[in-house]
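What follows is a pair of complexes built around chain A, which joins chain B in one and chain C in the other.
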Partner chain A sequence: MDPLVTTQLLNIVFGIATLAVLALGLAIVFGLLGVLNIAHGELVMVGAYAAWIVQTAGAPYVAAVPVAMIVCGLLGWVIEAGLIRPLYARPFDTLLATWGLSLLLRKTAEAIWGLGYKSLALPMPGTVDVFGAAYPRYRLMLIVACLAGMTALAVWFTKSGAGTRIKAMVANPELAQAVGIRTGRLARNAFIAGCALAGLGGVMVAPLTPVHPFMGIDYILDSFFVLVVGGLGSIAGLLAGAGIIGGLGSLVSAITDRTAGYTTVLVIAILFLWLRPRGLLARA
Partner chain B sequence: MGSWLAHSAAVAGVLVLLPFGLGDFAAYELALYFLYAIAALGVGLCWGSAGFLPLGQAMFVGIGGYLSGLALIQFKGSALLIVLLPLAALLPGLLAFGLGLILFRGRRETGPYFALITLALSLLAFQIANGWNSVTGGFNGLKSIPGLPGLGDFSDAYWISAAALAAVIAGTSWLLRAPLGVLWRAIAQNERRAAFLGFDVTRAKAVVFGLSGVLGGLAGVLYAPQQNLVTPQLVGFTLSAELVIWAAVGGRGSLYGPILGTVLIGVVTAELRNRLPYWEVLLAVIFIVVVRWAPQGLVGLLQPIARRLRRPERGARLNAPPRQLAARTAAIAFQEVAAHAGPVQILDGLTLAAGTAGITCMIGPNGAGKTSCFNLLTGELPASHGSVRFDGQPITGFAPTAVTRLGIARKFQIPNVFPDLTVAENLHLSLWGGRARPRDLLKLSLHRWTSPLLDELARRYPFLAEGASRAGDLGHGERQILELAMALAMEPRLLLLDEPCAGLSPEETRQVIDVIRWAKARLDLAVIIIEHDMSLVKELADHVLVLHQGRLLAAGSIATVQADPAVRAVYAGGTK
Partner chain C sequence: MQKKSVTRRGFVAGGAALMAAPVVLRYARAADPFKVGLFYAASGPAALFGPTQKASCELAIEQINKAGGIMGREIQLHLADAGGPPAESTKTAVRLMVQEKCDLFIGSHDSATREALVSTIKARIPYIYTPIYEGGECAPNTYVLADTPEQQVRPTIELLTKEKGVKSVYLIGNDYVWPRKTNDRVKQYLAAGGGKVIGEEYVPLGAPNKFEEAVTRIKGAKPDAVVVTLVGADNVNFNRTFAGFGLDKDVLRASMLLEENTLLGIGAENSKQLYNCMSYFSTVPGAAHDAFKAAYKAKFGEKAPQLSIIGVDCYAGAYCAKALVEKAKGTKAADLMAASEGLEIMTATGPVTMHNRHLDKPMYLAECEGTNFKIIKTFEGVKSGETCKQA
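Here is the complex of A and B:
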């Protein structure tokens, strides 16, 4: 195969894999708690700044993973207790509250670090030969890590007791509570996990994209569109959504320009909302 | 009408006096915030009145701004501008209306989906404005846009903005007082009930979104000649976010909330932005606090006073025109109807005929498909097979609004009214639903409508005449009666009642039975009742349908059905 085509294909796979991880945290929170966390993109931004701080401090890049996940997890804990739990039964208000939160995080980042772009050094420089194409080592590592992580998660969700409890909570929260599942704690943990995953996503993408206060908006929209297209409730749906949104978006962007890629994604999302509002692989 | 005139004149008076108190420069600054206030009012209408949140309002401001800027540059000083500038404000409105029709169609819970699509559209508009150099001037925007012909200096800017704001306030306050405004609030509270009163909910919401688009467009059209510059920032995300914050902090649910919010925060921000680096962080915190603890914003704190000032529409009561229905009979025919919920087969080849004059009771064990039968008939449950006819016409797949307009009214099992509207508004909506043409909803006189049937109902139930209490404050029994009265006020051909006496005391049950009998005779109505209480069935039913496992098990008089061995087997706990 032409090395150029191979590179482009790998880029598309890379786009899908990272998008799937970025959307995963949003899907967990939206699917399990019915809360659309608009500040999800800003948590990705916080994770990216955490990575930048770790790298600027001279620590190894891997250290950014726990740092970002802990920072975002802690933020998630505070957000859940302060904003989400009091508004559980009011989905519209959680939307607004998290929208306000996204403003707060963005403006805080702007006040601390300014509007300028921060760029990070690539933690794993160099390339690997894939079918004749020289592909960046870091990107390849991310693709493998994302796929491995998603598989592990899918296995855990179907096999473990915690997975079953979560499914019980989603299907019928009151009954789940009645059989002794602590739904409040489960919901809090799910929210914290979603936020920590956003932080992880931030660490992943930070070396590949300019880090700035407004970077979260693109991620929340793309992740949301993944959920719109793929539907809630299954990892297969998530991957299908990421495949369509990430794949088509990067394909059209590669052929023409970013605006066209953007438009394509938006039109697809509107078409899905219009014609297939439950997504491709929604659970009934 | 009189109070509306006085109100609009008072607003105009305040706007005329304001610059004398402030001086020219402050007035010039205010002129800009008045334009933003017009756009924020659009956000307030969508979000506070009709219940859906637009996160991309700046898109319409920007489109209006670019169109106006281009027109002013191309046709400088030409008389054509008299036509072109209003068009430039109207076009974003049409775009919004079209988008609304697409996005609202067939879905009730639009919340997050709609909001994020508008956000994405606004970002897309930014990309286009930023990239389409030949038309929009790219990143630097349209520069040196001439002012409006014949106007120029600082103070003229104020008068233009103030005049636009006064006109917008007058228009919006009319709409909010008119039946249309009541309908918007009704939709925000309970779309399902609104559809079952025969209102085209999708179009009503699209109209609100279209109006907000016009308001955004108008702000943009006036912005271009006033600032002489239109950049991609005007379509972008930041302004969209600010408009939402202003509307929220001021108070989204009222006319003045978004306006006060915009002017106050706008002025304070202009003062503090450079002096206090954390001002915008603080503003975000204020926004969160408002969402969490004071959803009606600053104006909401004054709401109790405002409510006391509002007077009901005065004048003689008017009889609503009689309802015109094409259907001559209420005959319902299900033919081999099947329906699923996920893997579960709810209706399994159901064939039945009902709706002949008189009362039909539908009975059957839990899970027999009784409520599903209603849902399918009224367009809430799709049929996977078979057909449904009403008065001989196929209605399979009709939406609730369309079914209701044919003359079918439905009362739900759990009382389903508009909790935050008054009893009078609830009843009015049921009169308007089947009788008012869309443009009639602009007439204040509709607030005085009543009907002989409603008057008779109010004599039976005096609380229906005390119109000023909130429907949500009524007890369970009274809400059941209110919903029944709403269904009857529609004067349908066929009335569907789902356990109308559930949760009522024996006394209330007796009253409801009397009303159903009375209404049947008064309106020559066909009634289908889902009922579990066999004593009620014996008392009411002219005809009984027994459903079991999604099929018709037996039909006939109560005696026939009781004698049927298959029915006995089901009710005695035997298996089929």
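Here is the complex of A and C:
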């Protein structure tokens, strides 16, 4: 195959894999708790700053993964207790509350680190030869890590007891409570996990993009479209959504240009909201 | 009791008035302040430059006031946020003109806001526009200090074609007026230098852009050089992706708006073979610039906002106001426009001359060395290429 075609195919896979992980935290929180966390992108930003701090301190980049996940998880814990729990079952109010939170997080980051771009060194520089195409090593590693992580999550969700309890909670909260599932704690943990995953997303993208207080906005919109297209509450839906939004965006951008890529994504999102508002693979 | 308290209050008030009297008297004697409105990026996508814009303007005003102000009038600065939509800026402009009776505006913002301001001000007060732009602004009573495509492009393309042997160029930029007008000029000079454009693409401004696909396309097109008219975070993102795919070793890059903040974002390991031509870098040599930098550091300390072309332009803006009004001996539009021809203006890097209400100025060609700009060539008195007629 032409090395350029290989590279563009890898770009598409890269787009899908990273988008799936970036949207994962949002999907968990939206799909399981019915809370659309507008501040998800800002948690990605916090994760990216955590990665920058870890790298500036001279620690190996892998250390940024637990640091960012713990920082964002702790933030998630505070947010859940202070903002989300009083507003469960009031979707519009949580929307407004998390929007306010996103402004607060952005301005806090601006106050601490300023508006300037932070630049991280690539933890794995250079390119690797993939079927004759030189592809950046770090991006390749991300593709592998994202796919492995998603597979592990899918297995855990379908096989583990916790996965079953979550499904029970989402399907019928009262009944789940009646059979002894502590839905309050489960919901809290799901929210914390969603925030920690946003932090992980931040660590992933930090060496590729400029890190600055407003970077979160770049990730929230596509992630939201993934949920619109894929539907809520299933990992298959998430992957389908990421495949269509990320994949088609990259494909059209590769064939024509970025503007056409956006147009395609927007048209698809609108068509889905209009004709199939529950998405492709929403849980029944 | 009541009466006594009133007396006491009256006494205190009277005392305060007496103590304040010298201040009041001093102001009463001096002429009315000369009110300058500065339109800058206090918020919005360009807010990164806001602190430098404000600091540079304040420094110039402090220096001018110490030396007697503008025709003996002390400059009073009115800050206006131009970071929002143009309509917001025009509202502020009306308020500043009608209520505050501002004498002059300085603007460092995008062209959409400039066009809106020009049609709001309607030449009633002088308006000085300072950052990099696409050229073509000839509105009456409007004075442009900005770098024009003519000034930026010719030195850049001559470097590529004559010294680096570049034959084929790929153009990538954000989709708005400045990149497209700049690229028109690039094509013109490239054709004159025997090179050709083998690809051209634009990405939306203000969208979450990714550049993997574009970089792969560029790799396939195999150009000798890429001319980049992306701005801000997109410029950072593109250059990081470009180097990440390993293209930085074989393909030269010339960026048209690459200043200190952007280069810090691109990072030292991604800035190989990256060139740029502008009228300001924080590394420009010379006594005038050294004095400016020393004064800037003395006023704002070690944590002073990062010096960059978008920001330092406001320093020249304030000095342009002084030179223009003093030469015209007032703020009548016709006098100012006549005075502007051949006017000498102080900038952060030394004096420049105004012709056709644009500046002829030295341009600096820089090569990135890590996160620093190394000036490799200086072009003195480069003409703006603008031909605004005298009204």
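By our rule, the second predicted complex is superposed on the first by the 277 of 284 C-alpha atoms of A that agree within 3 Å, B and C clash if a C-alpha of one lies under 4 Å from a C-alpha of the other, contacts with A are read in each partner's own complex, and residues count from 1 in each chain.
The rule is short, and it goes like this: contacts are C-beta pairs under 8 Å (C-beta built on N, C-alpha and C of every residue); 3 or more make two chains touch, one makes a residue touch a chain.
Please read these numbers as outputs of a predicted model, since none were measured by experiment.
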item: Side-by-side fit of chain B and chain C on chain A, or clash; value: clash
item: First, second, both or neither for A:T264, with chain B first and chain C second; value: neither
item: Which superposed partner A:L4 touches (first chain B, second chain C, both, neither); value: second
item: Touched partner set for A:Q177, first chain B, second chain C, both or neither; value: neither
item: Touched partner set for A:L221, first chain B, second chain C, both or neither; value: both
item: Contacts of A:F92 with chain B and chain C, given as first, second, both or neither; value: first
item: Colliding stretch - chain C into chain B, listed as 25-33, 169-177 or 349-357; value: 169-177
item: Residues of chain A that lie at the interface with chain B and also at the interface with chain C; value: 214, 217-218, 221, 257-259, 262
item: Sites on chain C touched by chain A in the complex; value: 45, 47-48, 175, 201-204, 207-210, 212-214, 216-217, 219-220, 233, 236-237, 240-241, 244-246, 261-262, 264-267, 269, 306, 371
item: Residues of chain A that touch chain C when the two form their complex; value: 4, 7-8, 11, 14-15, 115-122, 125-127, 134-136, 138-139, 208-210, 212, 214-215, 217-219, 221-222, 250, 253-254, 257-259, 261-262
item: Of all residues in chain B, those that touch chain A in their complex; value: 51, 53, 55, 102-103, 105-107, 111-113, 115-117, 119-121, 123-124, 127-128, 131, 237, 241, 244-245, 248, 277-278, 280-281, 283-285, 287-288, 291-292, 295, 341-343
item: Complex interface listing, chain A residues touching chain B; value: 36, 38, 83, 86-87, 91-93, 95-97, 99-101, 103-104, 106-108, 110-111, 214, 217-218, 220-221, 224-225, 228, 257-259, 262-263, 266, 269-270, 273-274, 277, 284
